[in-house]
Amino acid sequence: MKGLNVALGAAGLTVFLALGEAVPRLGLVNEDFFPPTSRIASALGDELSDGAFWTALGDTLTGWAIGLAIAVGAGVVVGVLVSIVPYLREATASTIEFLRPIPSVALIPLAVLLYGTELRSVLLLVVYASFWQVLIQTLYGVQDVDPVAEETARSYGLGTWARVRHVLWPTALPYVMTGVRLAAAVALILAITAELVIGAPGLGQQIAVAQTSQAVPQMYALIVVAGVLGLLINVGARTVERRALAWHQSVRGEVTV
Amino acid sequence: MHALLVVSGLKKVYEGSGRRVEAVRDLTFTVEAGELVCLVGPSGCGKTTLLKCVGGLLAPTAGQVQLAGKPVSGPPPGMAFVFQEYGRSLFPWMRVGENVELPLKQKDLGKARRKELVADALESVGLSDAAGAYPWQLSGGMQQRVAIARALAYEPDVLLMDEPFAAVDAQTRADLEDLVRRLWRERGMTILFVTHDIDEAVYLGERVVVLSASPTVVQEQLKVDLPDERDQLHTRVAPRFAELRTHVYEQIQAAKRGTPQDAVPSDVRTDTPPPR
Amino acid sequence: MTRVLLRLFFVLALPAVLVAVWWTASSGSTDPFWPPLRTILKTFPDVWTADRLRTDVRPSIVRLLAGFATAAVVGVALGTVIGSYRRVRALCEPVLEFLRAVPPPVLVPVIMLFAGIGDTMKIVVIASGCVWPILLNTVEGVRAVDSVMLETARSYGITGVARLRSLVLRSASPQIFAGLRQALSIGIILMVISEMFAASNGIGFTVVQFQRSFAIPDMWTGILVLGLLGFLLSVVFQLVERRVLGWYHGLRASTRRSQ
């Protein structure tokens, strides 16, 4: 059964690529705007052998990784603090609800003014957007702590730090991992967006350059790379999550609205 | 007279991933109109499979089910099914009244008639006040009543019940058993009731069909000659009740040991239940 | 009474403190990029006049809603089909996983190629980014409909459109709403970016104009407007969601209580 599904998936992908080749060549769409798969593939080949491409890729990944690390660190610390300091949760709830839906792209003009096309522009956007993902999930996780376990720990005289380590953290960990996964995806989107719109070095900027110089197949090739990158990050994050939580019976999905 | 429900030579074999499981080998029995028949058997003997085949939810590998002379090939409008998992059978986004009304929308009845049937059904199960509540606001026993009301409102020819009270507590189960018997007597319904609880089968049924272990065949059918007026207190301590239940218990033990065919005389597999 | 006051206190306390800190920290500021909060608030009504609300804010919101609505219809329709048939799902899965992994903003240059720089481009951009979370969540929700419920529907002869409407879509609605919420955030981002990239009106366009002409306090008011917009849309969404999914919250609360 599983073999059949894999085969079907491969077939679907093949059909998709074949259509991508046939439809432009048949003239159903304008070849200049939708180059056939083969042309994109050859542009991709050219990119892969171009040093500038790898530098750009490195820049994107740098911005992504640093931003993600900061966001995860800050998100977890703030999340845990808010949960263990009494009343801090109620006090911060309204602020979080207000700040959270603010689109990070609103900060783009500010980033441009402050940092121009430096890495810090990218980081400003990435950290701002990813932080919320981690924080919200951490808060969910802390909320899920079994009050009986907490009471038991308290009755055994465990101090705050010990309680955090042995009760709070193991319960919250699956949620934190979900937060990291979501944050990783958001971080990539924002990193590339920052590069695209602001012009900071990276894949996004390469795409903008390709667009202004009308190098359409190049543009598509770079988009494919961005997609593959996103795919690898999604799959990687999901694997890490699953591996780290092999023991945890996770029944919640991303349904929490 | 032609029986209302005729099951003949029912066979169900599950095939998949290299294994072949014969759940039901050969089931043959009938249910007359207005009867309350209980099916009981050892665990894993394919009771649910059998009931789903009868209800048209599963296609049998061989054999046939006939309702009022017509073969059953998919869930017919003349049958209503009450599942064991009431919590997963009622729709949580609809209120109780809407849940009961939903199947009726498949029949061309008109709004007024539907409302009438719903109100009537809810009253019969004692839940007229609960029509505006959501199922998850009710207790387990009440939810199962709603499922029963839904089946009643549908006005089926045959009511199929698949271990409906297995997931409720003992006291609620007693109330629900009495409810089923009352509804059966008041409305003259035909009910096929599957259970693993021997006491329940004898308490409820006019006739008990004992199933063998898997691959399942009819091991025995016996008529429950207890008075029609039954109640939890007195009927269950009646000597005749004890005899019947002991007999069924022995049959099931024999079935579990795998000695069905040898221990039972060959004429038991016919349609006419032997007088006892 | 004290409970209401206490709740009110918690809701307002930290925001009030933060605003006060911002106000005082920036009051004597001569840094061109961080004007005093007082100045920003004073400039606000001058910048965002009724006229500008009509010429910039309304078009932005209209584009967002149009793109979002398109994505919702397409996403739910396709998602239902894909989620209902196991084979179709297996067929589409790798392609969908790839397409959804492409960061939506990179599609702006591509879509600009054939859609120009008008409203159509922006609506297509927004729709193409919003459709993925909606589609994928719909597939998940449709796939996970309880088997006992499906059998119940079958046993009562509830099939076809009735089954879709009364059972499948209702059962999947919590998951679909989760997708709609993610799509809303993405939609706002894309709306702003598409306007920053190539537009002649809109909130994003206005804010970038301010930035380029170094009208810093005006730029800050624009940032505030975007923040407000995000917040208001989120509130409206939550209100709608609470009504439509009231049954779901009740169900979860009762399950939690019984554990």
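For clarity, chains are labelled A, B and C in written order, and residue numbers in each chain start from 1.
Quick note on the criterion: contacts are C-beta pairs under 8 Å (C-beta built on N, C-alpha and C of every residue); 3 or more make two chains touch, one makes a residue touch a chain.
As the structure is a computational prediction, the values presented were derived from the model and not from experiment.
Viewed as a network of touching protein chains, the structure reduces to a simple linear path. In this assembly, the chain whose C-alpha centre lies farthest from chain C is B. Here C is the chain whose Cα centre lies closest to the centre of all protein Cα atoms.
Mean C-alpha positions place chain A and chain B at a centre distance of 53 Å. Centroids built from CA atoms put chain C at 50 Å from chain B. The distance from the centre of chain A to the centre of chain C, each centre being the mean of the chain's C-alpha atoms, comes to 17 Å. Residue positions of chain A in touch with at least two other chains are not found. Interface residues of chain A, counted against chain C in their complex, comprise 4-6, 8-13, 16, 30, 32-34, 87, 90-95, 97-110, 112-114, 188-189, 192-193, 196-197, 204, 207-208, 210-211, 216, 219-220, 222-223, 226-231, 233-234, 253-257.
Interface residues of chain B facing chain C in the complex, by the touch rule stated above, are 55-57, 75, 77, 79-81, 83, 85, 88-89, 91-94, 102-103, 105-106, 134, 136-137, 154.
Chain contact summary for the complex, chain C toward chain B: residues 146, 148-149, 151-152, 154-158, 162, 166-167, 170-171, 173, 247-248, 250-251, 254-255. Residue ranges of chain C in contact with chain A, taken from their complex: 10-15, 18, 33, 87, 90-95, 97-99, 101-110, 112-114, 137, 140, 174-175, 177-178, 181, 185, 188-189, 192-193, 196-197, 204, 207-208, 210-211, 216, 219, 222-223, 226-227, 230-231, 233-234, 241, 245.
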